[in-house]
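In what comes next, chain A is part of two complexes: it sits with chain B in the first one and with chain C in the second one.
On to the complex of A and B.
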């Protein structure tokens, strides 16, 4: 007699007269032959996008590999990422352009990196990607703060910022609290409170057009933004009334500890691991497909010291024998270690034949080629993960003088954002990096 | 050259007019003189920091280690200082989140540590009203520069130039700043302050142009040196290297003009042959809004690849020099770019060696040396642009220099 295996199968037995059941781990037989879709439904496993912004660059001369193309070896400063090298693409030679406009240090380049536009006029690229891959999820994106601030580089528009969550406990509650619907649960009951909320919102929708006709153009823009948010809320409410698709790797993590807010580098690393795991769980349960994190802002420092990374970049002299700023080197390497810890958190969540990380592309960006002098040339950039095979990996791509936006354009296009160019003025590009497309 | 380089409605006609005088950019046929123009793409204070040049104990402490001494000088008790510094470890960063030392309280105390009539005032705008922390200054033997006062080897406060080994070199700005970490470096290993300053502004600050004119610039002989400012910033390739042979329009602003000096070329090195040359140029708000060097000297090497690099030096007004650094106050002091700003001011004052005030004897300027690098360029003289515009409208030719 054959037994049909599926993801919902549990092993049942008796213990002390009572029935006990134990769930199964994600088995390969639950998936199709490629491990990319559920065998039972044919539904593809989701692809995801993550943005990691690490301010203050890397140390010049310490990160560009000798070899270009596939099979490169990490230079000194990125060796901490060696375990992910085959899943990494490293870009060198990229450039931010000011086109004669003032160089607002740590600002202009961040705006260009995240929105493609000097001055930051549009949505950040994660928002554009979330509009494509994250619309059907509870959270279109999740922004986390690793050092206690609510600051975030993710934005819907120049004036509409997606604030970051500095508390792992709060994030846990948001994701796995009362409103969480286990996608693998056998039974599904729509939340009556949600139904009530939706019924309240419905009549409002009918009055929108009337109101928009009566206000000025600027107020109409504000109303548009407001109603966009309202529509998103409606969509989410509607989604929560539908039975979610099963997610084989989904499980609810145990309660997490609160973060130690602050800029001590060891605390930031601890916070990063906690947030990384929470995001991995959230993605495995398909609560979101897009996330943002930021590290290395101006206060990062070692325990017991008031000397910050940013201060070190500007105060420390270059060691003549070593050729770089020693303390800055230590900070950068520490931040890279934090990034590695974050990647490890995503990679530890297994999903099909790979991991959550494998179905994600994490875009690592920074603001300067050399923070010491705020240079905008030879700015490093990394991608880690293939987004479920959409990207080739394991390459060092040297693109001297090319707009930083080339990578952003390519990633957005591969994630389904319908654009042919990205950025403005000299930062604009229509040149997709075809070498990285699978 | 593209017509699009010219502004406004006169573009096409101006292009035609300038096309006639285009050759004059590089040569002046009437006098058969050879002329070469260069655009400056790098500018920094010339440092020659060596191990041990600040004496026993090394260089000055980092800014974070200067807070406690500052608080003591202000009269805070040990317990008060402990409280302030304790809060300094978990203060707010610029974004409102928990951050480093930059607490509002400590920041405010540091910002207002000057005292005028007993009242706290901005320390960066009133550095003389802050107690001199007596920063250490360079005691080493060597510094780049020029013998400005003519005293030569007899000058006890002077340096020896590590390139030429000339003695009696006056570079007291290096002496004053050279034990502050952000100012330490060499010509090859540029110092952090100037690397930051130049790289932050290089893409937007109007370029300085240098023109050499002589009978044969490949041979020894007299040369006329002109320095002026362009309307455009220097141009750089994608990788950040300077782009040579670009065309720049000369700024007709009278404040950038009049810098014409007699010089000479000997063995491929250009020097000034005047005793009382004075350089005055506009630069950038971030570095020197106005830049002056009295007893102006140069020592430039004409390189085989066509580039030019070397030193400029002279006496620079103290106020101009200090406020170029001190203008951003807390931003530069707090980020370590210019730690202990009032201390820097006092060090400059103590080291000042030029322009004695006839009444008080106070030295108003300080000897300084800067390092610059330049690549070949083309220049459209302001006079020709003015004339071309005048021809375009059929009007009277205004005098070059009018705007």
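On to the complex of A and C.
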């Protein structure tokens, strides 16, 4: 059996698992039955997805490479990501469409980027991917906050938003605290108190119908979301009674440092590295396969300066000689550096023949082509990592005028989300980017 | 609509294992009933402050809640309204679960259990159903804001028993059962049930237990106490006299302060103080403790005004009286006289600004000034916008998407030393001028106070011009702006609007407009007294009527 065939089978297995969506994770079954055979190639290791939202775009004219296709060179602003170039795909020319609806700056495009829909009514794409690849993990997804806020862009719906964790110490305890089960431990004893916890939760689910018939249809939907969460909690408890599959690279990290909340760019970078490492450990131990982070929305700034990045995009003069806004350029490059530091954290965790990053695809998105005037044209997008070989990498794909959603559609499909189109109105697309599929 | 775009469900053939995992609702056809447009009950997720207040109230303030809440969402200016439009995500439920288990184990820890246990078990090492039932019935009723049904109680006792056997410990079993009450939807959501309203043919009203719940969160920010539950059970809340009796009892209680505080904390968005960050090199004095104390200072000031006998709400914009801590005093640069015994836990002292002091009212306090500023400088625009939106219930449109800031590009430009100079230059652009004309004047009147809340007379060496006009009333400084707001009917009308929405848990519907208009009139007649307004709200049948809130059909799928 060639490895190529194996990969296809994995993909097909994932798709089947994806459609089932809640009940039966086929991928897991498939991999478990082949786990030992594939261990040597690393193909038994899970695939993962991460989303990184970096608000406020890049500097126009400073990031589109000259060359299209494979073997491109990074333009000035992305040079800080050079070490990952072979594992990166860079997309130019993509756009968001409003179709005549009002432009809520920094909001409409974030909604379209993350949910495909103006107004942001639907699930964010990471949530749909987690439904497929994150079902069997202790944490369906982990949302981290790099600057102290509780907000995240990850949502199952407009009314069910995943909170982000601003504290690495708290996240450490959640992942590696008392309830952590070492997948490589020789002896496995199911915890009898977990069974007791299962039994105290079941009466709640039994009351669902009684409760829901008391409320209006829209409020019933809110309760439905609650009960979805409850069912997931029960599933997780059930899983924790089974011996976890071994994860060769799993180890428990030493205690982490607390984050410094706030928007000073150097602090955010430090926080990012701490979170990146923690996520790498969590993924190497297969505690989660999906993560989310965002940077730049809450007024990133330099210590001692009165100007935030956002303010600078609107108020800084374009440098006549350079042809761009100097301070904005420094902010963007700083944020890109933070992204590079994050990738490095994932890459430093070795796993199989590569690293945790190699088993992941990180989707880097932003809200504007030019934050200065909130342009929705030529909005940059990057992917880093091949998700264990599902994607080809190292390309600059120029897709002028295509909806931003094309990449999201392609990534979701390759991760097994059963969709044939994504997005609404002019943002909708059914065109998979086949060039990036392995 | 999204689901329609998903691939056809070929998975039906995959059989029972797959189907079992799907929720019943996702398979059911949309419910179409003859009474589809009838108003039905509502749910509100407990806000983080309500959750904390309930736990402290039931189990004592020493219980550490620990975990993290899902972020609250503010809709139409209020978290109380937003709480009716949010659910619990699965990640959020995980957090609630770990908080619940931590709280339950603290509550039933050896040192605390005496305070909450109505009985002692036959043995600590094994289940005692009778004793567990006593505790769970009492605590469950408080947590669910209604007595547990027989089936619910039975299930909880059974769970305590099973867990107690597993753990070989009565209290461990009971703690697990208790924790499950705290992750139940009946606790995490305020569920309001309706019944036909005999006074309005075809209409609906909250049932008695839901009335008690709404009343109690409105007036006390707490779960109903025993007396209120008994009154509800006896049907007394359905008579004007019985309702008034309970409302008056609750208004006379010192617990009213908690309720009024919770309202102002929400209306004035003081939760924002949790995330105010100041640049340490520019405002070295500002830290998390100052932020907490500034929030408390504003709340204390408001309480001392609105809860005073015949207190007039509008005086919060003009009062010279406030409260200080040593740290706050250093921001205000006023002497702090500590006339309490040294080491006394409460370091708050009343303070009164001199008649000629530039500060007056809550707008010139650290909380408002710092929250509506940038990390390193003031923002006349943010302050002005907050005054329009928070105090006057007006909506300020966002800036145009393609706005150009060419004119205000350089803050070190010697021509534009002050915020007024920069904003004036910026407002030359007609696209910006319209809004800034209504936003900026009020904000500029507060330019005497920097982004850290300290008083100043100049910016970059240039003298400050703090004159302006609000609805044809001229002012020359912050204190006069406070006076202008004090006398502006939009300000007192806004209070009525917000307090009604806060109590109802939703923005008053169209058909409630007339009622709210009447409340606005009486608020003026009552001398702008908040408890009097609360009484009018809480005793009027409209407060408990279920209105046909339009179903949001577009987001249904």
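Note that the second predicted complex is superposed on the first by the 379 of 438 C-alpha atoms of A that agree within 3 Å, B and C clash if a C-alpha of one lies under 4 Å from a C-alpha of the other, contacts with A are read in each partner's own complex, and residues count from 1 in each chain.
Note that in this section contacts are C-beta pairs under 8 Å (C-beta built on N, C-alpha and C of every residue); 3 or more make two chains touch, one makes a residue touch a chain.
These numbers come from a predicted model, not from an experiment.
After alignment on the shared chain A, the placement of chain B and chain C results in a clash. Comparing chain B with chain C, the partner in contact with more residues of chain A is C.
When both complexes are overlaid on chain A, the residue A:400 reaches chain B alone and has no touch with chain C.
When the shared chain is aligned, chain B and chain C each come close enough to touch A:149.
Of the two partner chains placed by the overlay, only chain C lies in contact with A:161; chain B stays clear of it. By the touch criterion defined above, A:70 reaches neither chain B nor chain C. Of the two partner chains placed by the overlay, only chain C lies in contact with A:207; chain B stays clear of it. In the superposed model, A:95 makes contact with chain B only, not with chain C.
In the overlay built on the shared chain, the residue A:261 is in contact with chain B and with chain C. In the overlay built on the shared chain, the residue A:341 is in contact with neither chain B nor chain C.
Within the superposed three-chain model, A:230 lies in touch with chain C and out of touch with chain B [touch as defined at top]. None of the stretches 128-136, 254-262, 272-280 or 308-316 of chain B clash with chain C in the superposition except 128-136.
Judged by the document's definition of touching, chain A residues 103, 105, 148-151, 261-263, 299, 301, 305-308, 311, 314-317, 373-374 lie at the interface with chain B and also at the interface with chain C.
Chain contact summary for the complex, chain C toward chain A: residues 2, 5-7, 9-11, 14, 17-23, 25, 31, 36, 39-43, 45, 68-71, 84-95, 97-98, 152, 155-156, 159, 162-163, 166-167, 172-173, 176-177, 179-180, 183-186, 188-189, 191, 193, 275, 277, 279-282, 374-377, 398-399, 401-406, 408-411, 549, 551-552, 554-556. By the touch criterion given at the top, residues 49, 62-64, 85, 88-90, 93-102, 181-182, 184-186, 189-193, 195-196, 198-201, 203-204, 233, 236-240, 334-337, 339 of chain B touch chain A in their complex. Within the complex formed with chain B, the chain A residues making contact are 93, 95, 98, 100-103, 105, 145, 147-151, 166, 261-263, 297-301, 305-308, 310-312, 314-318, 320, 325, 369-370, 372-378, 400-402. Residue ranges of chain A in contact with chain C, taken from their complex: 16, 19-24, 103-105, 117, 121-122, 139-141, 143, 148-151, 155-163, 165, 170, 174, 192-193, 195-197, 199-201, 203-204, 206-207, 211, 214-233, 261-263, 299, 301, 303-308, 311, 314-317, 373-374, 418-422.
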